[in-house]
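Below you'll find the structures, each written out as structure tokens.
In what follows, chain A forms one complex with chain B and a second complex with chain C.
Here is the complex of A and B:
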């Protein structure tokens, strides 16, 4: 029982961070039909902004995290939308997908070139204390990661459902033409979506880098896991991405302990295949038809 | 105008036909990106520093040495292509690679062309394939592990062990050597946990090891995986001794894992914290030059450069085949050949023997617990 508790806590903590990245996939898809294959690199990059703040500029950790947030909003939010998505979107989804793949490579190689290929230590933002709960060692770091991720996603849901701006964003995502007729500034709403995605990526980066260490190639794994989580949960639902992320985190840990550590990486892929075969819209997603 | 054109043309022609500067070329094929970048960068910097010092002291056979660098990307197939490229570029010896999964592939190319290769790899299979051109810069895990196991049994009183290891060529070599030695010592392995290359999340692995009834855990990963493992072990409050062979207690691991590295123990063939004056001086020069503390890989690279100088000068020419022949059965004493830092020997397979150390990480530093004799 203690073992199961520990697996669940570790799995949920890791899964909640995957969920933050997965929510970014769903947000951008709903707002602008953008599948951002650079999402993993979006999570990798803010950690290096934090390190630059701390080691190059000599700033305290929390100031560096704020700096990373601002830089992410500017680069991964505003610049990404203005310089890549807006010029490419009129040409269709495929060129945009290819552009995001290229962007991912550019970000990865740039970090490697300017910061180095080796992993960098990243400071833990939460205490490393471990508590014994019913025989299981539960770390404060895991609990804090889970709580912060849940608060971020919960806050986003509240923002989207309970505020005027949030409802305008939803309206813009569901039917931009009608939303515009009703006086919604659709372009601004889409920009907000990109900014929220950048902020979520920064939170995910700061939470996961103490575990993964900051490395230019972190986005490869994170991007793939988040993409699978988004599909498994439902690409067009934020709560779907949340469920997908948590599920992947828990299944990964359960399979490593009870099935095979060697084949743990295959389990999320098997889940993905099963979902695509049995419920293509994802666990919580809704079927979506598009004219071709 | 015409005169200026003619003089420019004459200058260009003169430069074109000028004899090339006498220069010996060495190929440094190394992991500068990918999972092996931490180890590879250290090894590369050690090689560079070694040859810069050699050049400053007159070079090899009074010729300057040019080190041509190639990034293997920690990819066996890329490393193979890079070894081929280095040979095509005219190198007479090769240093690298560090990752065993790359070395087992690329050493076949060097063998085909008869080029001596100084590897930082420690998988037992490297010197067991009858390749007369491969030479270690640190002994293989099949030599290091028995020393470590003897220390675990005799000094630590370990009765049951668990193993966590990387499921790669490097990890398999260490794992096999450890399992064989444990069988010989009659000590059961109560849990065996393999992990994938560059694995990021070790929570499940640590949990399985923690819940086992092992007295100690043998941990055999590369630097970055080791650091992630130690951080997770610290997070889960694992209270069993974590013992590694070389990488677990390396300086890069200590830097990456921070406080989580304290308490980790292990056997190292080389340590910058050993109380050996030549080694200490080399480490200080390295720190001044590169602004970071070298690990065992940097020392391997450095000694590879000096070994090549000494052996080339013994042979009297940069004859690749003669150098390889000379290295078999050779012993270099640090008193006569200071660049090797410690007395060292190579056998007929290219395997090496040297004193080594059992260390424990305390306050972020390796503290030597015992000096283990060569075997």
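Here is the complex of A and C:
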């Protein structure tokens, strides 16, 4: 029982970080039909911005994190939209998908080339203390990661549902032509989506890097897991991406302990296959007809 | 009986000698008419008669080759679609215009220009900019209250048309342009829609311009009808006059 609690907590903590990336995935899809296969690299990169701030510029950790956030908003938000999505989108979804795959490779190889191929230690934001709760070792870091991720996603949901800007973003995603006619600045709403995705990626990066270290290739697994989480939960629902992320985090940790550590990476893929066969719209998603 | 024939005012909509040329085809040719406050004007004509082109010229979405339109004395030439609703012009669409995953209430609120105002008020101000009350009245008026919190996309087609109409009235318009409101709507719902439009017109004096294929619907709804054929006005008058007009009969029967 104690072991199970331990696994569940660390599974949920990891899953909540996957969920951040997955939520970004679904947001971009809804707002601009962008399937971002560079999403994993989007989570990998901000950690290196933080490291550059700390080691190259000699800034304190929190200033470096702020710097990373600003750089991510500019590069992964504004520049990504302006330089890749806007020129490619008129050519259809598939060319854009291929462009994002290329972008992922570019980001990955650039970090390897300019920063280094070895895993870099990343400063811990939260205390590394481990408490014993009912016989289970529960780390403060896990709990904090879970809380921060949930706050970020909860805050995003509140923003989208309770503010006028948020509702205009939803309207722009659901029926851009009519939103435009009603006077909503659709282009700006789409930009907000890209900025939110960049911010979520930065949060995920800062939370996950102390655990897995900062490495150029981190995006490979992260991107795949976020993609699977989005599909499992339902590609067109934020709460679907949340559930998908948490589920994969828990399944991953459970299977590492109870099935086989060697095959843990296969479990999310098996889940993906099962979902595609049995419930293609995802656990919480709604069927969607779209011509691509 | 009602305010429909209030003829003391200046026209709310004036169409001045509008022509629209697409390459070698003259879709609309020198059309002029006025619409006065409180009127329900029907704009009918066979397929290809230039109705939709004229409609889009009035709304400023197509630039006429010649002529211009004025709404409340203000030219619609070059007006952005979003500004039309600020000018008190509501419109419905031939295709459905709802936001499918948002509730009926949120749809109607959104149509009330809740996105206006400063960035700060949009982020921190009341989530609905104080529009919920008005939206609920319109939802009640169109008898959609049971579906207030239902995602608009899960309603029937006819019900979505009613949501569409409620949205068009939300900006508090003096004039509403309805683009084929009867298209694809079943008979019961159509009767309901017509009854609601007439009631709204009587209670609020709102002016309607209706483009429509469904002759029965137009004849029973409108106070005046303009018939277009091949881009020109071939007849104008009350429903009874139009019904018995030989040119109209010929145009529709291809005679």
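What we mean here is this: the second predicted complex is superposed on the first by the 290 of 292 C-alpha atoms of A that agree within 3 Å, B and C clash if a C-alpha of one lies under 4 Å from a C-alpha of the other, contacts with A are read in each partner's own complex, and residues count from 1 in each chain.
Here is the rule we use: a contact is a pair of C-beta atoms (placed from the backbone, for glycine too) under 8 Å apart; a residue touches a chain by one contact, two chains touch by 3 or more.
All figures in this text were calculated on a predicted structure; none of them were measured in a lab.
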Give one of first, second, both or neither to describe whether A:87 is in contact with chain B, with chain C, with both, or with none. neither
In the superposed arrangement, does chain B or chain C reach more residues of chain A? B
Is A:3 touching anything from chain B or chain C once the two structures are fitted on A? First, second, both or neither. first
Taking the superposition on A as described, I'd like to know which of chain B and chain C A:181 touches: first, second, both or neither. second
Just to be sure I read the superposition right, which of the two partners does A:265 touch: chain B = first, chain C = second, or both, or neither? first
Tell me the contact category for A:167 with respect to chain B and chain C: first, second, both or neither. second
Per the touch rule above, chain C residues touching chain A in the complex are 81-83, 85-86, 93, 97-102, 106, 109-111, 113-117, 119, 121-125, 127-129
Sort out for me which residues of chain B touch chain A in the complex. 32-34, 37-38, 41, 167, 193-196, 198, 200-201, 203-205, 207-208, 210-211, 224, 227-228, 231-232, 234-237, 252, 255-259
Could you please specify the touching residues of chain A with respect to chain B in the complex? 3, 6-7, 10-11, 14, 112, 116-121, 128, 130, 137, 139, 141-142, 210-213, 215, 217-218, 221, 252-254, 256-257, 261-262, 264-265
Touch list for chain A against partner chain C, complex: 162-165, 167-168, 170-171, 174-175, 178-185, 286
